[in-house]
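Input: structures, listed below.
In the two complexes below, chain A is the common chain; its partner is chain B in one and chain C in the other.
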Partner chain A sequence: MVDAGTKKTLQNIPLLQTRASPRDKDLWVQRLKEEYQALIKYVQNNKTSDSDWFRLESNKEGTRWFGKCWYVHNLLKYEFDVEFDIPVTYPTTAPEIALPELDGKTAKMYRGGKICLTEHFKPLWSRNVPKFGIAHAMALGLAPWLAVEIPDLIEKGIIEYKEKGETSNS
Partner chain B sequence: MSADWDEIKRLAADFQKAQLSSTLARLSERNCVEVVSLLLEKGLIELVFTTDGKEYLTNDQLRKEIEEELFVNGRINLVEITKTLNVDLQKIQPIAEIIAQEDPQVTLILGQLISSEYIIRVASEINERLSQNGEINISELTGAYDLPSDFLLNEVVQKNLGKVIFGKQDSNNPRLLYTPAFITRCKAKIRGALNGITKPTPVSAIISQIGMPERIFFSLTNDISSTGTMTSRSAAGVYVPHIYTKTQIEWVKSFFKQNGYLEYDSVASLGVGDAKQFIQKQLTGEKLTFLNRCVVGQRIIDQVESTLEESIATSSYLDVSTILPSAIAGEEDVEKLIQIVLTPSKQRLTQVFNNLVLTTKYIDNLLKPVYEIGDVNAKTSVDSGSYQKYIAEKTIKHKDVETDEQFGKADKRDERRKKAASGKAGGGAQGRETKTKSTKKHQRGNKNKDFDDSESDEEAQNVTNNKKKASKDVQLTLVSVSDIKKVIKTTLENDGLEELVTEIANYYQMQINKYAMNKAHELYEVSLQNSMQNRKQTHSTLQDKLNNYINDIRLYEKGLKMFTSVDVQSQLSKYLLKSLGSEFFNEICNYVALESDLNFVSSITSQLTNEQKNRIIAECESIFKQPLTALNKSLNDNVEEFLIAAENMLGVCSMILKKIDKKKDKQIILMHKQGLLDQLYKCNEPSLVLHLACLIIFTIGTGSMIHASGKFVSTILDFLANGYLSDEDHLLLRKFHDLVLQHFKADSDEARADIITKLDEVIPEVKDMSANYKKIGKNNDKEE
Partner chain C sequence: MASADEIQKQIEELQNKLDSLKKNARQKIDKMSSEVKDSNPYSRLMALQRMGIVKEYERIRTKSVAVVGVGGVGSVTADMLTRCGIGKLILFDYDKVELANMNRLFFTPDQAGLSKVDAAAKTLNFINPDVTILTNNYNITTVDSFTKFLDAIKTGGIDGQPVDLVLSCVDNFEARMAINAGCNELNLNWFESGVSENAVSGHIQFIKPGELACFGCAPPLVVAENIDEKTLKREGVCAASLPTTMGIVAGMLVQNTLKYLLNFGNVSNYLGYNALIDFFPRMDLRPNPQCDDSWCRQRQVEYQAKPKEEKETEVEEVQEVVHENNDWGIELISEDNNEEIKPNAPMASSGLKHAFEAPVASQQSNTIAPTVSDDVSLEELMEQMKSM
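For the complex of A and B:
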């Protein structure tokens, strides 16, 4: 399954109740509300545990999400753009998170920079429909992927540290 | 709806706000780790990680913690500290070493830190244990305290000996500790055990009895000056208490003093190895006699000696075993003792059987009847001839071995043998003669074997004689063992010595037998002389008899020559030869047959048939053959021839023909006449009366004898009528003769009876006439 740390973080994310896709007008609003609340909670949790690792924002309808995520390795912060759409069949289908920067740099990625999620993710997700939301997908899908892939890519020299102006938002 | 969207907007704003809000302003654990690792990297600080990596310790802190632990426990295992302090052993080890180095109170051993307090505690524990057990082996403690024995010994025990531990180290084994009390206890135990022991005991037995380790026992027994000796003959060693030896000696002395003897067995059973030597050592003052099984003092020997002397004096016997203690019953011992006691002078007076000393006098008394039996047996054996046979056999055996060199000796023996053999037939003259011959033959060595066989067959009945025939020395048992037994049994039984019967009998059998043999020999010598005479006599009797025959024949011949008629003469001589001649021949034949040892001798009767005669002639020895045939032939010839042949024959038979003696002839004639007269008196038969009367008258008339049968009566009568008889007499005889003839010729019984009455009348007359007949007739004749 998932490692202990992930599990702990997962538990701290509130579960969702509404089953609704962007097509279901009213219910989607309801769902989106829950999504936001979960995300807020997750981010707050991250901040308190000094493990904030992403920024996300959505379009108006909340169907498309984009932002940044980062990973600290050897005291260096590697930052990547992250984006994904809410699928029509959401929440039955999990969102496909993509890191377009890294497209073609690693084998564990689909075309267009969509990350290959672990084999655990999908059954876990389908079991927890509609309780899991975006926050869960982030915590359960992207975070472990980053933890595994990034140090590997850095070591291979595929990605290099980019001295950017903003290393932190503080 | 819009409200919802507003809310969404608001939530999105909140979300952004949440995202953008600064993260908490404190170092997260991760950061801390990073910072610390950075510091460590730069060598700015020195830290020790806990095993889980969650904590850091400074070295000082670690040392402090270790020391604290040590203080609490007194002894700590470094491995255990790693667990309690959660610090790697590699980190602790050097610190522990430093502590041990810097602090003299602390010792590092086997990965353990031990404080001096702990050591003292251990020492006091050991002391406690020691005082409880009395004895402690350090090697046992190593298990209990999990400390190396060297450490325990050097650091714990020796440093604290006398201070904390009150005990004594074993001098041989420093790892052993005792309390003085324990030592004294052991000593007391040992002393008690050794004092209690009364017989030699293996040390191992003692040790197991008092339940004490061997080494303590051995190290202590030397200290204890208890009376007793320890020998190490066996691996275990045997403790021989002093009192034991003392009792042994005492027992030996007192027993000997009391009884005068000592058995080795009983001494040995006291536990003395070499009883003989021991006794010799203990009884130095005594005069000892060592026998096979015991030692005997002078006292017993004296006693035996005096009893023996007494029995010699009273000429009785002495059973030594009865006066000796039962312990000296062994035969060898008794014999030895008897040997000692019997001085040569006494030996002559006694005879020893097992334990019995019989005085010779006693034995003489005992055997007196046996000697008598010997006498009797000797006599019977000589009489029955078995002794002679024995002698003969003996000489034969000798003869076989000897060569002809000793000719003279052999001759002598031959003679003796002849004599010996003669006895066998039991005195029968003829048998004896044959025997003599046979031995002679044997001597020549011809039919040696046959002879032996026949002899043995004959002797088979006499078993005693043959008993030892097979052996080289022919033995004759005159007095057998059983004979002796029978005789002495009763006497000995009366004296309670029946078990000696056989022995005495066996012992004296030879002697008595020899005596009997001597006796027999004596008797034999005597009988030999007798039989020599006897034989001579029989030979001479035969000679006389034959002489008589010849004499008679000669005289008869003379008588028959009175007859003028040749015819009558030849008839008479033929009759003479047929009767007397053949009788003579008979005798001679018998003699020859026996002499020649012809096997049918036994079947020969005094009257031989012609066949037998022929056989004798054919089979007799050659020297006899020729004269015998001649003699036989002459029987059919005239008397003169016969006489010559007879003379020859007698010569061969080594008999002497007596010379003609006229005086004797006359006497013979007289005797003959007398005999005839006697016959005449007794006779009543007419013909015989006539015959006898004729013969008498002829004899008296002519002065010579006539041998004639009845058929010559008329011839004689005719001859007598010629001047020898008076007429009356002649007529009387004639008449008588006629009557007799008539009587023979009579046809009827009546006539015969008539004649008989007539004869009866005449017979007395004839008898008278014959008896009173005198030679007057001649005178008459002259007168005529």
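For the complex of A and C:
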């Protein structure tokens, strides 16, 4: 199941209360505020524990999210664009987090660079609707994925370290 | 550089190929004929009528079906319905054809790079020009596209009415839940279909809002393969697929679609397929009064309020199914007590299981209190996040 480290991380991310999708006009604004508060707290936690690993922002409707995530391997920082849409059935269904530049480079992805989640993710997410939000999806979905896949992709020579200033598109 | 003569020759060859393609395409047919002759594409279908299986087969031309997802199952589904002479097909997919799809049926390598809906529409039109085919190239789960999707199925019938049936041939939970939300809201009947990620089982599920369980009423019901989780290797890949399993599931889906649209035989409410032991479990699923989807609960109230006679005729049909199924030792839910399947009830005898545990209603204890302060605006929060 979920490892002890992830569990601790999750426990320190505020839980959300409002069950609302982008189709629920006013309630969605309330949900969005909760999302941002949870994300801000999570990033603060990461900074405090010296494990800062992503930044996200959204369009003003909060339906489309984008940003960067990074992974440090052998003291080198590998950075990737991250993006996803909030599905109409959110928060019943989790967002499908994508790293478009890695599309086609690993079998652990669906079309468009959507990461392939572990079999534990969906049951855990569904048990925690509507309390889990974007921050939880990042901690429970993307973080473990990067930890497994990135070292593997580096070892296989599929991704290479880029100096600062270079574009991340290969 | 090619000489002018060579180019001229190439043009002639291409012209000949084009002419032969045009010659092979058939003209539209106004009325389905039951005449038995080589040139009638409908003679074997109309024979169903003569044999007393289907009454008035040509009613199929008045039917419109939406196929959501034109992959391994959806493309074969659309192919079968086209050959059966369905009136109208509305296709939804946002993916492109890839060479990695060639282990499945329908698409051909020369179509790689084309959008699945356009490539499919072209082939389907060629197979049967009598079918009206509409294509929609977008992801239905995003907010804007979902609205377009709802409009398309609300007005996609032959006469501008809603479509007669929606068929879900998608490969992910998010899209299934989006179709579920849309069909509950619009009160449209639909079939869910699925093939397991290890390619050795699949199922179809009929969903009639209010009457049969919706896709959100309980965790998805899937075929129990009895493969030891420890021996199941998931490393390195997301999903496997076989043309066989997908073809069989598409066949189950279209067979039940035909039975439903043309009123013959019994429509299965849930039909599973276990490829490892060739087992086809069946099941009836009642809606969950506590379903998260408010439209589902609303439809349940409406269904309960329906006049009794209307419901009784339907009960009769299902009772026949119960009788048939008992031979196979499959547990069915009794019609009378209106009992729904308990999310975590043991279902071992049925050969089916829930894909995951149902959410527990109790509160978790390991939580820190959510800090929802109303004195901060969304804009301020967005700004704070940006400046971190």
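By our rule, the second predicted complex is superposed on the first by the 164 of 170 C-alpha atoms of A that agree within 3 Å, B and C clash if a C-alpha of one lies under 4 Å from a C-alpha of the other, contacts with A are read in each partner's own complex, and residues count from 1 in each chain.
What we mean here is this: a contact is a pair of C-beta atoms (placed from the backbone, for glycine too) under 8 Å apart; a residue touches a chain by one contact, two chains touch by 3 or more.
Being a predicted model, the structure only gives us computed values, none of them experimental.
Chemist: Superposed on chain A, are chain B and chain C clashing or fitting side by side?
Modeler: The answer is clash.
Chemist: Going by the contact rule set out at the top, does A:S58 touch chain B (first), chain C (second), both, or neither?
Modeler: Both partners.
Chemist: So, does A:L146 touch the first partner chain B, the second partner chain C, both, or neither?
Modeler: neither
Chemist: If you stack the two complexes on chain A, which partner ends up touching A:T48: first (chain B), second (chain C), both, or neither?
Modeler: first
Chemist: If you count the residues of chain A that each partner touches, which comes out higher, chain B or chain C?
Modeler: C
Chemist: Quick one: classify A:I134 as touching chain B (first), chain C (second), both or neither.
Modeler: neither
Chemist: Counting only touches as set out at the top, which of chain B and chain C does A:L15 meet: first, second, both, neither?
Modeler: In the superposed model, A:L15 contacts chain C only, not chain B.
Chemist: Would you check which partner chain A:S126 touches, where first means chain B only, second means chain C only, and both and neither mean what they say?
Modeler: second
Chemist: Should A:D26 be classified as contacting the first partner (chain B), the second (chain C), both, or neither?
Modeler: In the superposed model, A:D26 contacts chain B only, not chain C.
Chemist: Could you look at A:I40 and tell me whether it touches chain B, chain C, both or neither (first, second, both, neither)?
Modeler: Touch status of A:I40: both partners.
Chemist: Which of the two partners, first being chain B and second being chain C, lies in contact with A:L75: first, second, both, or neither?
Modeler: The first partner, chain B, only.
Chemist: So which bits of chain A does chain B touch that chain C touches too?
Modeler: Residues common to the chain A contacts of chain C and of chain B are 29-30, 32-33, 36-37, 39-40, 43-44, 47, 55-58, 62, listed in rising order.
Chemist: For a test of understanding, state which residues of chain B touch chain A in their complex under the given definition.
Modeler: 1, 4-5, 7-8, 11-12, 14-16, 18-24, 26, 28, 30-31, 34
Chemist: Within their complex, state which residues of chain A touch chain B.
Modeler: Its residues touching chain B are 25-26, 29-30, 32-33, 36-37, 39-40, 43-44, 47-52, 55-58, 62, 75, 169-170.
Chemist: Using the touch definition up top, name the residues of chain A that touch chain C in the complex.
Modeler: 11-12, 14-17, 22-23, 29-30, 32-34, 36-41, 43-44, 47, 55-58, 60-63, 85-89, 92-94, 96, 107-111, 116, 119, 122-123, 126-129, 131
Chemist: Can you name the residues of chain C that touch chain A in the complex?
Modeler: Where chain C meets chain A, its residues are 95, 139, 141-143, 146, 172-174, 177-178, 180-181, 216, 219, 234, 236-238, 292, 355-357, 359-360, 364, 366-373, 376, 378, 381-382, 384-386, 388.
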